[in-house]
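Listed below are the structures to be examined.
What follows is a pair of complexes built around subunit A, which joins subunit B in one and subunit C in the other.
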Partner chain A sequence: MELFDVHFQKRGLIFDPRTKLFTMLTIVIFVVGGYGTVPDMLVFFLEILPILLLLTVGKFKKAFLYSIIYGTAQASMLWGIAFLPETVRYIVTLFAVFIIRISPGMIMGAYIFSSTTVSEFMAAMQKMHVPNQISIPLSVMFRFFPTVMEEFESINHAMAMRDIRFGGKNAMKIIEYKLVPLMICSVKIGNELSAAALTRGLNANAKRTNICEIGFHVQDIFLFLIMLVPYAAVIFTKLGVLS
Partner chain B sequence: MIQIENINFQYAETEEKALDNFGIEIQDGQCVLLCGESGCGKTSAIRLINGLIPHFYEGTLQGSCTVNGLDVFSSPLEQISRFVGTVFQNPRSQFFCVDTTGEIAFAPENLGLEKSEILDRVNKTVQQFHIESLMNRNIFRLSGGEKQKIACASVSALEPDVIVLDEPTSNLDQDGIKMLGNIVQFWKQQGKTIIIAEHRLGWLKHLADRVVCLKKGIIQLDLSGEQFFAQSDQELNLLGLRGTNLKSDYFCYESPGLKCIDKTFLEKQISNREYLFSDFVFGYDRKKIILNMNGLKIPEHSVVAIVGRNGVGKTTFSKCLCGIQKGFYGSVSIGNTKYKGKQLRNLCYMVMQDVNHQLFTDSVEEEISLGLAEVDEKTVDDVLQKLDLTELKKRHPMSLSGGQKQRTAIGSAYLSNRNILIFDEPTSGLDFQRMEKTAKLIQKISQEKTVLIVTHDAELIQKCCTHLLVFV
Partner chain C sequence: MKDTENKLTGKDLMYIGIYGAIYYVIVFIVAMLGMIPIMYPMLAVICPIVGGIPFMLFLTKVKKFGMIWILSVLMGLMMLISGMGWYALAMSAITGLVSELIYKSGNYQSAKSAVITNGTFSLWVWANLLQLFINRTEFLSSRESKVGAEYVEKLNALTPDWICPVLLGICFVSGIVGGLIGKAMLSKHFKKAGIV
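Then we have the complex of A and B:
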């Protein structure tokens, strides 16, 4: 539930969904894929950027939690591993690298989900000329996941009441116990959601209006320019300007 | 005008006809109530009018259906949706957007109307429904009644001639129902044709112009509203319908606390022990206490109806009592035994409103013995016997009917020796016979256990409850 919790009254700094998607793309390219092609400082900035963005929409608790996780991973890479025995060092390195590379993308995802409304997303997709056949299913995700998470919470409560916990010989069974009711409820909700949307004229082939005002503002241009820096760095390196 | 002729329909996955030679003609501006037992075909009739049958729910279909001259079967859904708006039963799954404003604009947006026209319609609807304060909000944070109000508003923004409602009050409290009644009244004044499938009938007494009662997909009764509502509750019950003339003193929320409503309870009482609630206080932060049941005493073997408006803490109370509310440290004691915080999990068990959430395994037998350290077959068989589940013991819980699922969930509470059972809305959406069955089952259970029921169902309270616990 927390993840998708958009506060409509105090939304903080609003970015255009396209800016967010471009930022996401840049983070994925340079943090997950491209170590060594751009200066380390730049990569470091991209890694902590999602946390800063979370702060702009007032998700302080979440931002704090992620900085702790990321900080721990980064610190253990910089200073921790030197003191560890060799076998442990490999495991720690593995985990730390995994967290440092993967988590920025995930945090960015969390930021996008908790700061974008369905209408904004649809409007952005329309402006980018993404066909309805792709944008409608994607926008349903915004709606579907919070519902499924509510279901998941109920299932967890039911399991707590039955005193079914992780551990012991039942560990594998537990996953089954959680998934079976979750899947049955998800299918049911998915069906109800589609039926409701169809009776209100949602249709992939027709042209749809969108009343949501989106557009690029000062903050968008600012973020866009920053996001262009790593690409520029790569080009300049290739040209031999930077070395 | 809606014209339905000789419809025979059977869902793809079932063996019985959902609608059997069904035909009806509905004049413009009429308000029609469709009623009947669960599974009588009233929901299918609604789906026929809004085109979900045959465009979404597939099956074998004969006959014809036209709405305002538009042939429903050969027209695509998006065309039908211009004329027919639908309010569904479940508020959680009829929204497409996450924000209220986007939701009201959603249907007009799909029609591809001009932006200014859409904004006009949204503003007009907001004024008509007096929902200024609900605008720009996260739908997940609204109450059930507010959600249903937004659902009605978003249908209204589409400006359809026909509005169909499929059990719209299932999740509403008395205030919510009153609000919905006002909305239907408003639509009537606008001259809309309204068709409502419902099992709670009382609120439609002065709204329905015509009442159609179905049984097994066949029309049994087709009366004017006045004729229908002149019938006594006994006559209605014989048709499998809920009463309309209930005294609903149960829902006057003036005096909070526990009171006995069954005067014979003391005579029949098996024991005179009581559950004593102490430190039973909860709030998400220290300043704001949302629940205070300190000093409450519930007699053993009583059946307590928990009533109150939505959002006054009934759910939180149940969660605390089951020991699953984080940060709750209160306790309940009986005799010399005291259950505190998480230990309450050994005392109480909740049968949830959506019982699908609490069935995990692949057979009834395994389900009720899940989580037990030692399984004694004889005890298991005893419980199965008691709950009429012996013949179903090898079945997959998800393949059972609603009532059977409920009994399976109760079975697990029996086997784990919980002494307090909490039911969350056990009869929401049930017809008279099923409700009566549930009431009898609860009475039977109360001979061994103590039962608490969170409910808005006056008939259920009348049939089986001994006490009323009013939340304010």
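Then we have the complex of A and C:
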């Protein structure tokens, strides 16, 4: 699992986190949610947009992997099913439809997580006037994810020796032998983390500042305008201009 | 005095974040199984059951109004950011409040209401599956020209609409089972470790 990263070597094309969120919302509504009757070409564009975005930040390996998964699903939907025997065809279509619908959102999620820093995201939350009650736990969560994953990895290594893993002899013990220790040590680390954060004034009733500068640039406006097209298409269809 | 007692402090918000991270990671690990399309609807069973353990642990820290609700909204937000759809966010805002009220009715300490709370809290998992059912006809009909109309019909027959509310019920029941398991785990492990 990859979540917000802090260390970037090459950043590539930088979008404002708010633009990314808006793009995500559009994809989630029109592709994953399948809302409205938007022209096929537009939906197709929204489906491959996340892969293009991954390319802009130089995540070529990921983009390649996702385009193979998505491309296989799309190709089997378009051409493959005609050649398959009846029963296999249904299963393949079921899989393909599932992947075509679900994967664009996931790829967009992968893009957001691999191209945004925690600070940037928090700055965006602040600019969007998200209340502290939401934004503080969220930032703690993002800070804490890598720690939990790290602990999980270590526990995994230890438990692999006792053959407690998926497909191992003692697979049923996973919950008790992996998740419980994970929770116990995460809670302990979390207590220390919360003490550290309190000494740095998390409790203070002051407006928090952020060193990250975010803002809308040319590329943001460009992407925003493109993302408005599907909404416009829906409105125009409702008005009867497009049919 | 009473006012400040009931207000969420920075420490409470930290707890939400920490337990939220633990909860999310554990549910995420389990949800990897959903990458297999057939397993996807099964997540409505597995996630609430396994998620029950960290959630029951979280409930031991909840003493003020709002903590469960915020955690619920956070889960919905995470679903939106990671591209699982916006239904989870809409759903979690409501079920979070309901869970909050249920746990509040037990004065934030009743074990029975804690178990039911896990049932209602877990419903956001089901909301992720909603998108497979809503607007499905539109989605398939846009591809009808390519795959043929009777084809779409047969596909619909494979996953009929009534499965959706049934899954909701299953999700709730699994949440309660998860809550019971979590409760058992609490007394078996976490009390021993001195965390609860």
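Note that the second predicted complex is superposed on the first by the 208 of 243 C-alpha atoms of A that agree within 3 Å, B and C clash if a C-alpha of one lies under 4 Å from a C-alpha of the other, contacts with A are read in each partner's own complex, and residues count from 1 in each chain.
Simple rule for what comes next: a residue touches a chain if its C-beta (ideal position, glycine included) is under 8 Å from a C-beta of that chain, and two chains touch if they have at least 3 such contacts.
Computed from a predicted model, the values in this text were never measured in an experiment.
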In the overlay, answer first, second, both or neither for which of subunit B and subunit C A:Ile48 touches. neither
Which partner chains sit in contact with A:Ile14 here, subunit B, subunit C, both or neither? Use first/second/both/neither. neither
Quick one: classify A:Glu150 as touching subunit B (first), subunit C (second), both or neither. first
Under the stated touch criterion, which partner chain does A:Val118 make contact with: subunit B (first), subunit C (second), both, or neither? first
Output check: A:Ala158 vs subunit B and subunit C. Expected answer is one of first, second, both, neither. What do you get? first
Quick one: name whichever of subunit B and subunit C touches more residues of subunit A. C
So, does A:Ala206 touch the first partner subunit B, the second partner subunit C, both, or neither? first
Which of subunit B and subunit C A:Leu193 touches, first, second, both or neither: both
For A:Ala233, is the partner it touches subunit B (first), subunit C (second), both, or none of the two (neither)? neither
Based on the superposed arrangement, let me know which partner A:Val92 touches: subunit B (first), subunit C (second), both, or neither? neither
Considering each complex separately, which residues of subunit A are in contact with subunit B in the first and with subunit C in the second? 1, 140, 143, 147, 176, 180, 184, 188, 193-194, 197-198, 202-203
Taking the touch rule as given, give the residues of subunit A at its contact with subunit B in the complex, in rising order. 1, 4-9, 117-119, 140, 142-143, 146-147, 150-151, 154-155, 157-164, 176-178, 180-181, 184-185, 188-189, 192-203, 206-212
Would you mind writing out the residues of subunit B in touch with subunit A in their complex? 50-52, 55-56, 76-78, 80-82, 84-86, 88, 90, 92-99, 102, 105-115, 118-119, 122, 136-138, 140, 154-155, 158, 319, 322-324, 345, 349-350, 352, 354, 356-362, 370-371, 398, 412, 416
Note which residues of subunit A are touching subunit C in the complex, please. 1, 21, 24-25, 27-29, 32-37, 40, 43, 77-78, 81, 90, 93-95, 97-99, 101, 104-110, 112-113, 132-134, 136-141, 143-145, 147-149, 152, 175-176, 179-180, 182-184, 186-188, 190, 193-194, 197-198, 202-204
Looking at the complex, which residues from subunit C come into contact with subunit A? 8-11, 13-22, 24-26, 28-29, 37, 40, 50, 53-54, 57, 66, 70-71, 73-74, 77-78, 80-87, 131-132, 134-136, 138-140, 142-143, 146-147, 151, 154-155, 158, 185, 189-190, 193, 195
